[in-house]
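Naming follows writing order (A, B, C, D, E and F), and every chain is counted from residue 1.
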Amino acid sequence: VRIVIVNVNTTEAITESVRRQAAAVAASGTQIDAVTPFFGPTAVEGYFGSYISAAAVLDRVAAVTGDYDAVIEAGFGESAQAGLQEMVDVPVISITEAAAHLACLLGHRYSVVTTVNRAVRQISERLLVAGLNTRCASIRATGLGVLDLDRDAGLAMDKIAEAARLAVAEDGAEAICLGCAGMVDLRDRVAAAVDVPVIDGVAAAVKLAEAMHALRLRPRPAEKPSVPPEIVGWPLHRHLNLGTSPGKELSRVL
Amino acid sequence: VRIVIVNVNTTEAITESVRRQAAAVAASGTQIDAVTPFFGPTAVEGYFGSYISAAAVLDRVAAVTGDYDAVIEAGFGESAQAGLQEMVDVPVISITEAAAHLACLLGHRYSVVTTVNRAVRQISERLLVAGLNTRCASIRATGLGVLDLDRDAGLAMDKIAEAARLAVAEDGAEAICLGCAGMVDLRDRVAAAVDVPVIDGVAAAVKLAEAMHALRLRPRPAEKPSVPPEIVGWPLHRHLNLGTSPGKELSRVL
Amino acid sequence: VRIVIVNVNTTEAITESVRRQAAAVAASGTQIDAVTPFFGPTAVEGYFGSYISAAAVLDRVAAVTGDYDAVIEAGFGESAQAGLQEMVDVPVISITEAAAHLACLLGHRYSVVTTVNRAVRQISERLLVAGLNTRCASIRATGLGVLDLDRDAGLAMDKIAEAARLAVAEDGAEAICLGCAGMVDLRDRVAAAVDVPVIDGVAAAVKLAEAMHALRLRPRPAEKPSVPPEIVGWPLHRHLNLGTSPGKELSRVL
Amino acid sequence: VRIVIVNVNTTEAITESVRRQAAAVAASGTQIDAVTPFFGPTAVEGYFGSYISAAAVLDRVAAVTGDYDAVIEAGFGESAQAGLQEMVDVPVISITEAAAHLACLLGHRYSVVTTVNRAVRQISERLLVAGLNTRCASIRATGLGVLDLDRDAGLAMDKIAEAARLAVAEDGAEAICLGCAGMVDLRDRVAAAVDVPVIDGVAAAVKLAEAMHALRLRPRPAEKPSVPPEIVGWPLHRHLNLGTSPGKELSRVL
Amino acid sequence: VRIVIVNVNTTEAITESVRRQAAAVAASGTQIDAVTPFFGPTAVEGYFGSYISAAAVLDRVAAVTGDYDAVIEAGFGESAQAGLQEMVDVPVISITEAAAHLACLLGHRYSVVTTVNRAVRQISERLLVAGLNTRCASIRATGLGVLDLDRDAGLAMDKIAEAARLAVAEDGAEAICLGCAGMVDLRDRVAAAVDVPVIDGVAAAVKLAEAMHALRLRPRPAEKPSVPPEIVGWPLHRHLNLGTSPGKELSRVL
Amino acid sequence: VRIVIVNVNTTEAITESVRRQAAAVAASGTQIDAVTPFFGPTAVEGYFGSYISAAAVLDRVAAVTGDYDAVIEAGFGESAQAGLQEMVDVPVISITEAAAHLACLLGHRYSVVTTVNRAVRQISERLLVAGLNTRCASIRATGLGVLDLDRDAGLAMDKIAEAARLAVAEDGAEAICLGCAGMVDLRDRVAAAVDVPVIDGVAAAVKLAEAMHALRLRPRPAEKPSVPPEIVGWPLHRHLNLGTSPGKELSRVL
């Protein structure tokens, strides 16, 4: 099983921690390839960055060579999943949905703990479209930017744990989803701070991808238009002179 | 990993095919124990049978000895899950929800193909309560009773495949859930008849249980009352003189 | 008119107070028969107890002899109604729904005041399935167990009245439903504490049953399967050596 | 118990049949006073007529002298109920809601059979606002005007029965509400044509009013403004030189 | 372009300020005719007044002579729009909907700041029926009556600004709708008090009416019944000896 | 007033017809600048193209110099609006929402007539997120690709008119939204084919933009992060060596 995980931002350190977390939970026999977009924001914190990122995510996955069995979009609340799913014939799993699906299996209501205020609207719209909103008790922002998580991990940990505690105590959450791919390293410590399960969407998505592979479940291939429209400048990384060379396909060569 | 699967009816043949299907998809290292309730309907086809079955399911799981890591309730549209989850501290997964969760990951909208007309209301109420209804395109009844599935497998297959085809063509389903534990043997053949993924909830639940175990995710233990009410006649199988003897714990000895 | 009221727990004192309350509001000419299940929890406080109770309720009603015109399920938030309705051809009224229907006729929004925290989820799911949730302003738990209501009626009264006052003041409730059959005796005192109508579901259900009888309204008989599945061990009370003997049909002889 | 029923149109024959139907189901000891507005449409078939009628209904009830225990607004899908409820301190019951409440107690889903196409929107908005829409399977128009019901009762009967049959067969209705006060006389014949219960809202409202009276349930009196606005020209019937003289209070003297 | 604006109450000063506000935003070439009902409440603060007002609004518009291109109902949360739209073939715009539509274009969620508590239910039901409720963050009552707005403009201003500030800070509103036609004069001052756009529904409706005229968009004429029911006493102003004389058509002559 | 309209595809002919249609309805004094993205699909027909387009739309608007008063995103069902709104401080109007808002003012329910099947999901998710779905009767696909509209205008016209007629006759639509910016030239002819108003979103958006300008309504500026993340490769057109040179700012120079 080969799973491609695409980060939504261009911060290699986050790609790296996503890769580490995914590898830690992957079954033996699962190969994890985590890739970083060739362009786009170093952190996605709102719709403006999200839509630049979505194109970069499509572009980055288009540059992946060889066969793979699933794609994971490692951005919480992000948008590219439906676009990726039209591009490839294997399951494409967003970590937002992966986390929420497991959360629904673990408790009656779940909460999301995320970064900045602006992410709240975006996450709630994503859950609404995914039909996963009715059991969402709350989405709590910590006020931390994506890149703050790394800068002061102690402070980040405190704020995330506090938000999780409030979600349990005041909103009735019985499970917590970590609402940012940058939080994956903190899962165990957050879990120690509350008495409900804490779900990292990357890990959840890896196991769901493996499950779908084991069950030989693949989405119906997307309907292709008889005359597909041309795409000027696509794939972008070629036109940007970024991207892959033989033997380096999964590294960013910017 | 030890997974207990509890059938909702008292038909051993269905327990057996559930066990077989579960074992076929289980990872190496996963032990599947499928059990049959000590009392209750031979087939559950409506709320009357469902509520007798729910008590029997609780009773049967109470008789399971030894440790286990997950419980699967193998009845589509059935009710015991929330009760079981108060009883044990491991994840309890209903096949209704397991199938619907995977279906949501595989297509925009999914349909359920089930047995008798009366099951439609029950399944739709279960999906509503689970918050999994908004992406459900339709629930189609074949008119077949649970026990008809076995009596004339050819006819059953035809009707199920036809309902699945209509769900795809008319309701826009991009994934099909088999809406009865008695249909698990037919999955591959139904899948061959339509061009969308076909999901058997038992298999789905096994993989989700394994995923939760791998991720060390367990639900918060249910709040216990300080003074628990007594339960007259509980567990029922003891008072009915049914149930387990040493070394035979997982077999029905009625 | 003969109305059978089935308590959901095995506490005779609650059956007795339900009977008293029902008789107090029944029209002359209405016969009230309140019965207690032969087995099951002394108090239902969550889904585990609820599903044991549901089977016991079906079993108990199956033991009632003679004709009757309506069945009332006297458990707030409980589950057996839809099962009972498949079993008998007369109206089966749950006190949850009866209370909520009258509440909707009496005010724009209503609240439910109930016992333990865990009941909140169960009541809200019941109202959701019944389509009666949109005008429900809140469900407030007092933290009292079902059996606490009787042990310290003064304390119970204080807590219930306080919850009702908060529902009016903070949630905008214009009617209050007593969310437990064990609260029926307290209705008048709670009503004195708030300036909105207070509804006891048992009384409400009695009057609705009488109304339906007067209007000659009966549900369509439930579709019966051509080959009904067998039910192993049914009715349970016979196999448990509980139940009725001539002349004592409505008493519990455990 | 004295119940005032206010017709929403100015057709005395409909007031008369409403009175007859109400009296037929009223308990002994219940006095039914049916009144006709002093002005307004002879039939209400849309929002234009509905809003004229609503003012006329308020005006007509304002002219009723003496005490009464409940008011029933006898117009299906009509609007005055919330206004009446601010005017009087006894329960005000719309026949739309009364019928739908009983329908929900009698079947899983119900349908409404009404007159002209335009009424469909109005009824659906009324049920939405009342929170009674989720179990409504369909609202079917017969194309008959309110006054056609009387002109050719045979044709009316055929069309209503046909719509009811379709609601059962195609929409899954398990109860039918007659969606026009002008249909009350036809209830028994429609009921004979389908195998599900058929509910006349006037009869339903009478029994609900009696039930509320028996249970001593009254809505909280409407909050009165400290300085109530003046109402120019109110009550309208005085300014229109219509209305009541001593001893004739309940008759229309136009 | 000629736009008729009908106040919902009989307070000429409010009609006057509505007219002023409308004229201030109207394009050159737009003629604004603001009219006052011939009868009805001096202020509408609940459903009782609203339904009297609705009939008076229909009646007043029926008295307008000459052609016009749009009708605006200048009452927030009021009910006549759907009735007016069956009466005339030009667009009829309620200020409630006009304000909410623009608010949705200006921010993710909006709040309404209104007068008395009782208006909250009415506004929320109007937004629900209009399908404009999902993005409404809150409806906040100031406790001020409609006529208080004029009596102590300073106090009114303080309370409205405070409610708007709370809506932004606590409810997440990104736009504020002034929830009463009597507030139109205060828009600029409220806008100065918060950092989100503040929308007066009268101004919004004028621009929407102009837009529809420029785009030659008119609603489909309402279906007329083949045999329209008679309306006793209609139009009311004639029977009340109120209304228009030649050359004075738009003034109130009571 | 200067309004920037950004096409979502790279087909200049569509930009041109959008510009023409916008200019035709703009007030005198309104300057329309229609721009084409520097890269991206020649037609957007699904989420894959939509997300490439969204980045291209952000990129193209970033290249616009000088002040402007509103931005219109001319792609039905497309996604960039929320991203654009974080980028600029003037109103950003999507034609999807503009059309739906006017449709709600013109009829009780509206339908959308669009191009390929795949657009249906995308449009319905956009309306859901915008809270404009509840009055949407249907979204009907003609099966025509975006670029087919121009290739055979006669056939396109026939299919669109037929879909509109069915929406009126079968779905109860009282207004039709043209669900593709490529359809703007056909509006008058479609309008001639049905008896309900037909709305072109580009024209609607222009008038709404003018209305907001006249009312001095601007959205609250988007919260800016204290440390905005860097965006690698942004704006894309610079890195792609596309884009603007002095005096040519609004033309595409690829």
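Going forward, contacts are C-beta pairs under 8 Å (C-beta built on N, C-alpha and C of every residue); 3 or more make two chains touch, one makes a residue touch a chain.
Because the structure is a prediction, the values reported are computed rather than measured.
Q: Moving only to chains each one touches, count the minimum steps from chain A until you reach chain F.
A: 1
Q: If every chain is reduced to the average of its C-alpha atoms, which one ends up farthest from chain D?
A: Chain A.
Q: Taking CA centroids for every chain, report which one is farthest away from chain B.
A: Max centre-to-centre separation from chain B belongs to E.
Q: Determine which of the two chain pairs, D-E or C-D, is joined by the larger number of C-beta pairs in contact.
A: Looking at contacts between chains, D-E has the larger number.
Q: With chain centres taken as the means of their Cα atoms, state the distance from chain D to chain F in Å.
A: The mean C-alpha positions of chain D and chain F differ by 47 Å.
Q: Starting from the mean Cα coordinates of chain C and chain F, work out the distance between those two points in Å.
A: 55
Q: At which residue positions does chain F touch at least two other chains?
A: none
Q: Mapping chain-to-chain touches, which pattern fits: line, ring, star, complete or other?
A: ring
Q: Which chains make up the ring, listed in order from chain D with chain E immediately after it?
A: D, E, F, A, B, C
Q: Can you list the residues on chain A that touch chain F in the complex?
A: Per the stated touch rule, the residues are 9-10, 38-52, 54-58, 79-80, 82-87, 116-118, 125, 128-129, 145-147, 222-223, 225-227, 229-234, 236, 239-240, 242, 254.
Q: Within their complex, state which residues of chain B touch chain A.
A: So the residues of chain B in touch with chain A come to 25, 27, 91, 93, 97-98, 101-102, 104-107, 130-135, 174-175, 195-197, 199, 203-204, 207-208, 210-212, 214-215, 217-220.
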